[in-house]
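Before anything else, here is the set of structures, which you'll find just below.
In what follows, chain A forms one complex with chain B and a second complex with chain C.
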Partner chain A sequence: MGCSRSKEIQGGCGEVTGMESIYTALSNRPVRDGIRRTRENLSKNVKENLKKYPFLKKYARELRDVKLKVINDLDFWIDRSIKKLEENGARVFYARDSESARRIVAEIVGSGKTVVKAKSVVSEEIGLRDHLEDMGNEVWETDLGELIVQVNNEKPMHMIVPALHLSEDEVIRILERVGIKGKNAEECTDKVRLFLREKFLKADFGISGCNAFSAESGSIFLIENEGNIRLSTSVPEKYIAIVGVEKIVPDDEHAIKSIMVQSAYFGTFPPSYINVIRNRQPGELCVVFLDNGRKSTDEILKEQLLCVRCGRCHLECPIFQLTGNVWGGETYGGPMGMGWSAITSGISSIENEVFLSCLCGKCRIVCPMEINIPRIILHLRKLAVRQTAK
Partner chain B sequence: MDLNHLRNEIEEKRKMVREDMDRYIDIFVRSLKASSSEVEVTTDPEVVEKYRRDIQEDGGNSIVTFADSASVSPAILFFTGLEQEISTAMADHHISVILAEDIMPDVISAYRLALLKSIERGHGVIFGSSSASKTADIEGKLVWGAHGPKRFRVVVVR
Partner chain C sequence: MFRPGKLIELLESNMARTGNPLGLKRSLLSEWLRGLPDLKGRDDTILFTGLMYQLTPYIELSTKYLQKIENSSLEKLFYFYVKLSKYVNPYRFLTLRGSDMERYSESLRRIFLILKKSGIDFTYREDLDGYSGILLYDLGDDSAFSSHAQEISDLLENADVKKIITVDPHTTYALKVLYPEYSGLKVEVASYLEILADVIDKGRMENLNEVVIHDSCYYARYLDIIEHPRKILENMGYRVVEPENSREMTSCCGGPIESISPVFSREIAESRIEELSSAGKKAVTMCPICMGNFERCGFSTHDISDLIFGGMNGSEPSQE
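Here is the complex of A and B:
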């Protein structure tokens, strides 16, 4: 599929740097229109959700305290989670970095297999799909938006709405490349449903991330609206979950609260589907816990680990509204992408980009976890300056 | 996990709903309709058989299942078991029957009731549904039936 996605800019495969692609993105009207449309739809929903279900704000505050406790004692909670999963009959792995995570999953999957993937930012973080494809596997993203960006060989423009920058006509043309022919959004969706049904039925492995993990029961909690996660995690005989260690919460109650908060603050509440997997019998459940910098963050950056990945801060950020996911690091993007990129790829991955934030603080206001993102960005600026001065 | 404690907790919640059943069912129905689900409240004990006969005659890809629990608002129905999860995920039309006594006042107690049943049955999977499958991934246009059921119908049996 051609060029490296890290260097790609919308509409071409030129060899451009991160900063150049940001400046190019500024003149990309469809990105701005897509973000505006998504924001208009979802912001209204968020307000309504919080008004209709006032307990959500209470859940969010409680969750912040509970997640903080876990993050301050990660080793204890990782150990407890691993023990519980093993009791449940799962195969459990621990990956210190993205390379070891890729290696673990590649060893489980092998080659010549068909893999169906649920949308998972953590799998983007470790570059899993490309790696599995390079090993001779057929890998399909099964979330509609994610499939569209996979076929178009670009990175998701938003972690929850990956194809928000593409028009209906563009999507029609993109899907035609894999033989999916529809005249409009409805027909395309129906044809994708049929196309991917066949992949689900023949898949050897299903792979997902994890929205929340309960150390109490050793369960993976996932939410969605399409039903592709349900199919990816249940139909193939073998299922692999990749769990960022910050997703651990002490018990099922807080896992439920976490997924409720995530979906409400994103703007689709209640989620159409909740999937909770404690074991996979018949079949096999493999769980890969991923550190990749999470355990060694400094005190200020640590706050970013409270993030429930609702994607709210992206849509409300004035810089993201201009650039989309091109700004904010390779995987995460947007204001939360500053902290996440520094944690998972090091400060050099965003050493210029941190200076593009206008520090307006809107991200902090809309964040359900009340993460002080401007403080994180200021801190990263200091680290970037120090690094450059070395 | 202390199962006796879980059972007592669920019984308390059940009592709460029983004492104000009409109001709870009314809220439940409204919440489901807000998610564009179809809802029917009945006292007919034969309703499940009726639906099973209908879908057999119809020959379409429909399924009738019993939900293990549900929360009032937001209305989410919980089920257990991998086989049932696969068959409901693959169906075009999911008809779900819920006994009024299994409706819980909140999502956490509804989840706990499903959890208890899953442990008692040795099921490793719990899944919840609040509507038919949907997506707005193409230009924000809402389309029903992305991968899962295109229709979701809930039958409340009193």
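Here is the complex of A and C:
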């Protein structure tokens, strides 16, 4: 039994390392307060959205079925999407892992260029910004929160509200480092706008992720509230979209439904801007499809691919409420981060963290896609324990 | 954070030795039976405590020690203790105040008496009671859990048990949902709250106090036992107050994580305590783990059985 195991203990059941930052986060009050504030606002909005627009729940259920169909037949849908994009005149690439995705984008961009980026978790996943900077490019995040986090050289604390843990004063001080001087939040926001405008105009490339991709029309759907995605994807001559293959839905109808569900469950509905990009003329559209573990998940982990990245499970999770995005893996954090980190970086990346969960199951209840996150966490624990027992 | 592998090792060795995860002497776990009337009744229906009420005061006691050494170099002491646990009963060194144990024993006795008073015909047999293994399952130790589940299932089926009455959410989940899957248990399982909800009629007493209800995660989200406790309390004349985050949105008490990280567990408990105490003075729990973890963090709650018992006897349990 267990006794014999201990001799060979390693992995999830061995030395607990890499957890220090989580305990540091625990004593970081601003993170907690920021999450609390954000949660109070957004949870209220979500409740109201769902009451006011009851069709959203119906859409979510329908979307789950449709996405499941796609995920069970990914190759077919990837082929179809590539064909459609090529018909539309786009350059299409396929990346098996993050390294090849970085290489593809680096080859397109080259060096000595200016790049403006829309906030994108998938680009964090592949470590794109650092890579492009290392290649001698000037890269700017254009989402206000993400820019602040970039300048402060840290990890986004929430995938949609990256700077929720920073106070107004801190933001003012951080922005000063790149010469943006304002006395308060409004002033800073105005100054950032001017600062970025100049970057947009001189940028050679715009880069974004994708909220939903329609295989029917070959279109990229993106939602936002600041207008920076619109500019990033349209002002520079060349535009690169990085699309996780799980973002594919069969048609425009479901792409629209997907972004509606995402924004409603995040807490801003309708979103201020909906961007639909089919081609770029003049200019050039490059699309990089990214696998990076998505196509080879096991049956239980596969459910995580239904995720629309609304961030609901984060804000309602008792552990996330204490630690923010520090718990859950390199890029992805919180309850959904367990599955996503396992898919994109392997189980070893979160083999200790999966044990730091109450399995209280609130994430499952609030998830629009009804993803059984506790089951995924438990599954990862089993794998960690089994690995140790080998 | 304590090493999951070490916890599993400890659980497995304790269970191999004593059948319970803490390695406690069986006699300690049977203390609640003292003073109870005849335990016999219909013999195909049994009360299955799953030992959770009996274990909780000991879990809380060890958590109190563990929280002091979490993440310090003293954590090693715990791992040393894990090694020792194969040879000696570590609880020799830890003593529990009688009153701490008594609270949990009292709740169990009351559950027994409430069921009898409500006309439920059942038997309690010590030899058919045992730990469900749920902690092994929660820690991902599937193989140990499944052989333990098999053992308990065989025991119950060989005794021709047809119906099992459980008393806490974790054991209920194990027996009702996991055992059929892991060991093919075919016996009907119901929490005593489900049973009572059908038999306790309206209007026993009026004007009892208001109580803030704390739903257990497992009852509310895994087993859909949400209305039952409310119906029982209301029929007993209590006014049930819903705190912020209740029913299927209930907030975790932090208990399930207390063995991995007492520190996190406490933080989670504290934020739930804030929600509960701002909704009213008196809170009711329906899981010993919730009650124990809140207690450790300085917040006293009433077990739902105490309120039902009080209501049946025309008096409310005294406020601690």
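The working rule: the second predicted complex is superposed on the first by the 371 of 390 C-alpha atoms of A that agree within 3 Å, B and C clash if a C-alpha of one lies under 4 Å from a C-alpha of the other, contacts with A are read in each partner's own complex, and residues count from 1 in each chain.
Basically, a contact is a pair of C-beta atoms (placed from the backbone, for glycine too) under 8 Å apart; a residue touches a chain by one contact, two chains touch by 3 or more.
Here the structure is a predicted model, which is why all the values come from computation and not from measurement.
**Q** For A:Ile319, select first, second, both or neither according to whether it touches chain B, chain C, the two together, or no partner.
**A** In the superposition, A:Ile319 touches chain C alone.
**Q** Specify the partner with more touching residues on chain A, choosing between chain B and chain C.
**A** The partner with more contacted residues on chain A is B.
**Q** With both complexes superposed on chain A, which partner does A:Val70 reach: first (chain B), second (chain C), both or neither?
**A** Neither chain B nor chain C is touched by A:Val70.
**Q** On the A-aligned overlay, A:Ser234 touches which partner chain: chain B = first, chain C = second, or both, or neither?
**A** First partner only.
**Q** After the superposition on A, what does A:Glu186 contact: first (chain B), second (chain C), both or neither?
**A** Touch partner of A:Glu186: chain B, not chain C.
**Q** For A:Cys360, using the defined touch cut-off, is the partner it touches chain B, chain C, both, or neither? Pick first, second, both or neither.
**A** It touches chain C, and chain B stays clear.
**Q** Quick check on the superposed pair: does A:Ile174 touch chain B, chain C, both, or neither? Answer first, second, both or neither.
**A** neither
**Q** Within their complex, state which residues of chain A touch chain C.
**A** 1-3, 5-6, 9, 12-16, 19, 22-23, 26, 318-319, 321-322, 352, 355-362, 364-366, 378, 380-386, 388-389
**Q** What part of chain C is in contact with chain A in the complex they form?
**A** Contacts found on chain C: 1-6, 8-13, 16, 71, 86, 138-144, 217, 221-222, 248-252, 254-257, 260-261, 263-264, 267-268, 271.
**Q** Contact residues on chain B for chain A in the complex?
**A** These residues of chain B touch chain A: 1, 35, 73-76, 78, 82, 85-86, 89-90, 106-108, 111-112, 115, 118, 124-141, 143, 145-149.
**Q** Hey, which residues of chain A end up touching chain B in the complex?
**A** Spelled out, the residues of chain A in touch with chain B are 34, 37-38, 41, 53, 55, 88, 142-145, 148, 161-164, 166-168, 171, 185-186, 188-190, 192-193, 196-197, 216-217, 219, 225-228, 230-231, 234-235, 252-253, 256-257, 260, 269-283.
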